[in-house]
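Structure provided below as structure tokens; questions to follow.
Chain IDs A, B, C and D follow the sequence of writing; residue 1 opens each chain.
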Amino acid sequence: MDRAMKLPQRVASMPFRFHGGIAALVALLVFNAFFTPNFLQLQTLFVNISQVATIAIVAMGMTLVIATGGIDLSVGAVMALAGAVAPLIFLSDLGAAYPMLGVTLAIVLPLFIAGLCGVFNGVMVAVLNVQPIIATLILFISGRGIAQVLTNGNLQTFSNPSFSYLGTGKVLGLPFQGWLALVIACALFWVITRTTWGRYLLAIGGNERAAYLSGGPVRRVKIGAYVICAVLAGLAGLIVVAINSASDAARNGNLMELDAIAAAVVGGALLQGGRAPIFGAILGAVIIQLVKYTLLANGVEDEVALIAKAVIIILAVWVQQFRRA
Amino acid sequence: MNALVSMSGIEKSFAGVPALSQASLKIAPGEVHALIGQNGAGKSTMIKVLTGVYDRDAGDVHLADVPSRISTPREAQESGIATIYQELNLVPLRSVTENIIMGYEPKRFGFLVDWREGNRRAREVLARFGIDIDVTEPLGNFSTAIQQLVAIARAVSLDAKLVIMDEPTSSLDASEVEVLFGVVRELKKQGVSVLYVSHFLDELFQICDRVTTMRDGRTVSTRNVQDTTKLEMIADMLGRNKDEIAAGGLTDFAGAKAKKGDIVLRVDSVSTGPRLMHFDLTLHRGEIVGLGGLLGSGRTEAARALFGVDGARSGAIELHGAAGQPSGPGDAIANGVGFLTEDRKAEGIIPDMSVRENMTLALLPKLASRGQIDFAREREIVQAFIDDLGIKAAHMDQPIRELSGGNQQKVLLARWLATQPDILILDEPTRGVDVGAKREIQSFIRSYVEKGFGVVLISSEFEELVEGADRIVVMHEGRSVKELTNPGVTENILVRALAHHEGGAGSWTEQ
Amino acid sequence: MLDETAFDLRKHLRRNSASVTVWIALLTLILFGLMRYDNFGSAYNFSSFLNYNAMFIAIALGMCFVIMTGGIDLSVGSVAAFTSVVAAYLSPYGIQVALPGAVLAGVGFGAINAFCIIILRIPPFIATLATMLAAKGGALVISGAQTISVDWGSNFTKLGMGQAFGLFPWAIVIVAGLTLVLWLVLERTTIGRTVLAIGGSEDASNLMGLKVNRAKAFVYLLSGGCAGVAGVFLASGFGAGQPLEGIGWELSAIASVVVGGTLLTGGMGSIPATVAGALLLGLVFNVLNFENGQGTISFSAYWQMVIRGGFLFAVILLQSRVIAKQQKVLGS
Amino acid sequence: QDLPQLEQKERYKVGFAQMESNNPWRIAETKSFHDTAEACGWDLIATDAAGSAAKQVADVDSMIAQGIDVLFLPPREEKPLIPAVMKARAAGIPTFLVDRSVDPAVAKPGEHFVAFLGSDFIDQGNRAAQWLMENFDGDQGVIVQLEGTTGSSPANDRKKGFDDAIAADDRFEIVASQTGDFARDLGRQVMETLLQAHPDVNVVYAHNDEMAIGAIQALELAGRKPGEDVTIVSIDGTRDALQAIIDGKMGVTVESSPFFGPLACEVMKKYAAGETIPEWVKVEDRVFAKDNAADHIDEAY
């Protein structure tokens, strides 16, 4: 495929950011294999996949936003919002009368609303030139509030097997949401490496003025990144609701922005933009998840776990810096 | 002779690629020493090794016969070396005063910055360059030329034993260059040494005592300027025979003439703001129209208007005989306009992207079907340009930041040639480019025009305009004020046309 | 002569239009409150409002310095919680021990941040995110996951609850002093100017030979120290070290700084406007509480979130317009 | 020093400074105060501290500035809310603490505030343990405990009450005790993980019903049969929990009623009438199990 580039150069230039993450992953796996009871079981894989999927999905969206040099603090709030809307729909009269239509709408409409949140963030950042942290802080504060206003603050519980498939279904014995994350990852990878949109995305993160002066549709691409990020967050919100058979607007997606950002960065995203390692984001999410799992399964107290998590994040990012230099 | 600075056997490589190998340099006290070489020869790297920006891999550096302990720019300054780096090392958001006195602020009670005194000092050093501006204004409010002079003023004000200037004149016009030379001579009189890097070889004869030439990271020669010729220097730089070069001439514009075709662009009294008022221009196929003017005369603004970056408030632009101002760069490109910007770093390259991706950025819409990039075609096109323009890169997937300035410039030129625009606007296409690359770029421009496309050429080098352009539109304070038609234009005529409209050339007042 | 001063004022306003905006917004909101609600302007409301917000102002001041270098400090909330516990433990020895002790603890976390950012070259966002987790964990560990009562017998609680000269709460006096000192540091000292230069361009600052690392270390230590001061206010104003407090404080501090017109990319910023920004955002809560007392509508907790977000939106929008205009004057 | 008095009048300006609204329990409590307001003649000022003890004090401050007659305060933390109680007293406002109390070493009922209305969290944990010890029929109880928000007083107390009681019975062993932050989703995730590490678990004690429901989901996902091979005990008495008990998935939930509005009204009226109020107006928490869950599900929230 690439005659101009010799193999060693290719190895040296492209995936070296992965090594830090992979080293961390291997270390975690080895540690668990030795110290965590019953770690080497299929069920462990199952549990971890089902839990990591939401982080991974949000982290991939976050990676796109970070690639433009931005950041999205509102993902947790968007999860709550999307998650709050879904039960409202299939629990409504319409949803009761036409269950299939209800479920379909309950998936499509929340994602659409999440998309609108993305448009809001994107327009704030790309058109009004508000700095991303602040632009997305607005929905971070009020998005969850809107979700709670919609549901009057109440927890909505339901039992709807077809909707719950999102969170509890299995394909080939593994959780549906894990496959979903994988499919999204492949799709996004394709978009980033193969399409003009992806090329512009990276160009904008690399040098926005140059991208603009070369005819890049800067605003459209940036807004697009925020929209994808928000839609993926919305999807994660739906998954959480589906697993729990309940929508809790106050809690759904709480602190997700921190996990997602950490996952993206551990996976090799550069906060200044210009890089979109999608599979890195998944790797980062898996590491974050495994850390959580390891600490929990070994009975480490919550407060100590926080410190351990801090140290691991620093180490994982540091190893990458090290590799780079 | 005791050398003020003596560097020998310097080795430095980036990610395994050598930038300097066995390089050496000796600067005597009180001399003006020139350092020349092609793009990527290692001049800037040499300076950065000396001033502690980079650690050297091997080699000795002695300051006044004592081994140098400089490992940061700060320590260099403290050892009496003041440097104006090639890429402007100033902070545009901060005031002019701060940019000059930063790190050496006058204090009251030993710790409170005395702004009144600081402003006075800033005004004082700027006055040496004939600049009278509001020094409390953010630096970014001023033109590149002023910023360049501020950087020089800062270096000069540091009371150094050695002042290093890496291409200080690349964005200065003739009169400002004169002012700078005056300052350099004054420094020399005070016994201060100057290391002077430039691609304008003529300048060297005016101020320099000795010249060191570098090629491919090595030092090839050090000569007395009086005892050498321009041709000899070029021969050293290129590593070729003098006579071979003598046959060629210095620009590659002269002689060739294309057939003038239909009008592709007509600009009628366009204004975009205070810096571009009532600008007129016509461009035919097969023609190079030059925009001449002093710095700040609005040439870049004119280009931005044509490219749809700045919206026109009044006036009309006609492309291919159809009225319509491009709504933005994307639209302009779709309508057959290309624009090579003057600021390579800020507006041109995407440093972390590869040569290939940088080169095809403007071509993407044409390279893709339904959003999907055709990689085979992309590689084919990129390879063709790499071969045609002789771009020196390890491979097309090398990040562009690893290329030398001249090669980066060629990649950017290729970015626009690839879109085959009917109207190609080139803003300072050879700025900071060495003689060899410059000739090559010029010859590409010429051959492009000969294919029947139109080019608008903005250049601060009179030679380039006079020899390259078929017509020269002279600009002054945002207006097109005069048109000169080749053949028959000489540098003198051009200078007179400029001076005619410029009251006291070289004096700058606030905005 | 007269002409020149008039011109200077105009120039000043033009260059600081973002600061002017936030002061106008603050005054407008105060005026709104004064006209709409009884007792809004009462001495009690005034002083209790300032007393409570002293913590946030202290944190915002430190954050402002960090942001001016182009960095960010997400750890301040957790560090304040941690230092409140430290202060509570030290409270029996009186304020003269507890205050320096807690500030030192905060500076310690600042040092960790500085180390990770400067030596390990970890991006500030990530480094301080990790410290945020670590400080929270640390606070819970040293407190045994309990709130720690202060010694009510020592002079410690005077700081948070007593009145200086029988007039103002001490916390306000301290924060006012801190503001003044930091203002001076920013405007009139080498390190303050270096901070701004770094934010403008770190590369250029390095090449200019400025002591970049020293200034960067300074801002993170300062931010940690300010969080320490906030921790002392927290402990002495509420009578307990609280390991669980401080959640989201970093974001409100960042918002205060930005509302004050400071660029998140660094290089430009104002201390007084940051204080105004913190007051403005704090005042929204106060106004909402008074609105709830009107008996017309009672905003539920979630409506309050929506309103706060909306308010922030409005201010940011206004601010971004003003800054955009200013930048346009600046060219490009 | 005496407590501030409360005069008898038609309408009262009443402050209710809620601590947070991020769980159904708190929302039900706030709603209960709003619902009572009209009937009781309250002009209610309700604030929300969004989980910050410091903000809760500031909220009380703003209520004092607005001149409320009575303050109902569910203090988020035992110690940090003491200044709020003290300030209210200094301003002559009688204060009733609701559902949680403050540190009795510093602020005393009958002296600094009128009374504490509420349950006893330690006792709740205790009763959950009692029920377990009486109703557990295996010989070896392997317990996983899902704790509330780390450091919060209900979490601390419910843990203490349960741990102390269960220690007396050596059939039981607590193999893991981790926080689920009072939330269903986290409760589920933590349970999933702990179940992997401790597959022999047969008792789950959750500090609230939300986490218990999450644990039930985790157990079901792992193919276990909550209610049959795993006994679940919890606290709160939410509708979902009662339903789970009816469905046989959950063993017991100890009530912790959020409906404080009517009680608050009653006690305040009595105080205004000059009656002496006991220092602790204890709320009688019921225990919901298989035998009575169905009777109470309609009144649950």
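As a working rule, a contact is a pair of C-beta atoms (placed from the backbone, for glycine too) under 8 Å apart; a residue touches a chain by one contact, two chains touch by 3 or more.
It should be emphasised that the depicted structure is a prediction, and the values quoted were computed from it without experimental measurement.
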By the contact definition above, name the pair with the higher C-beta contact count: A-C or A-B.
A-C
Using mean CA coordinates as chain centres, what's the subunit A-subunit C distance in Å?
31
Please tell me the distance, in whole Å, between the geometric centres of subunit A and subunit B computed from their C-alpha atoms.
44
Whole-Å separation of chain centres (CA-atom averages), subunit A against subunit D:
34
Could you say which residues in subunit C touch two or more other chains, in rising order?
140, 145, 300-302, 304-305
Find every residue in subunit A that makes contact with two or more other chains and list them.
148, 153, 302-303
Where in subunit D do residues touch two or more of the other chains?
21, 150
Using the contact rule from the top, write out all pairs of chains that touch.
A-B, A-C, A-D, B-C, C-D
Help me check something: in the complex, which residues belonging to subunit A touch subunit C?
71, 73, 124, 128-131, 133-135, 137-149, 153, 258, 261-262, 265, 271, 302-307, 309-311, 313-314, 317-318, 321
Give every residue of subunit C touching subunit D within the complex, in rising order.
37-40, 42, 44-45, 48-49, 52, 55, 140, 143, 145-149, 152, 161, 234, 237-240, 242-245, 247, 285-286, 289-290, 292-293, 295, 298, 300-302, 304-305
Complex contact set, residues of subunit D against subunit A
21-24, 27, 150, 176-179, 181, 183-186, 188-190, 192-194, 196-199, 210, 213-214, 217, 221-222, 240
Can you name the residues of subunit C that touch subunit A in the complex?
72, 116, 120-123, 125-127, 129-134, 136-138, 140-141, 145, 251, 254-255, 258, 263-265, 300-310, 312-313, 316-317, 320, 324
If we count contacts the way the header does, which residues on subunit A are in touch with subunit B in the complex?
2, 4-6, 9-10, 13, 194-197, 199-200, 202-203, 206-207, 209-217, 274-275
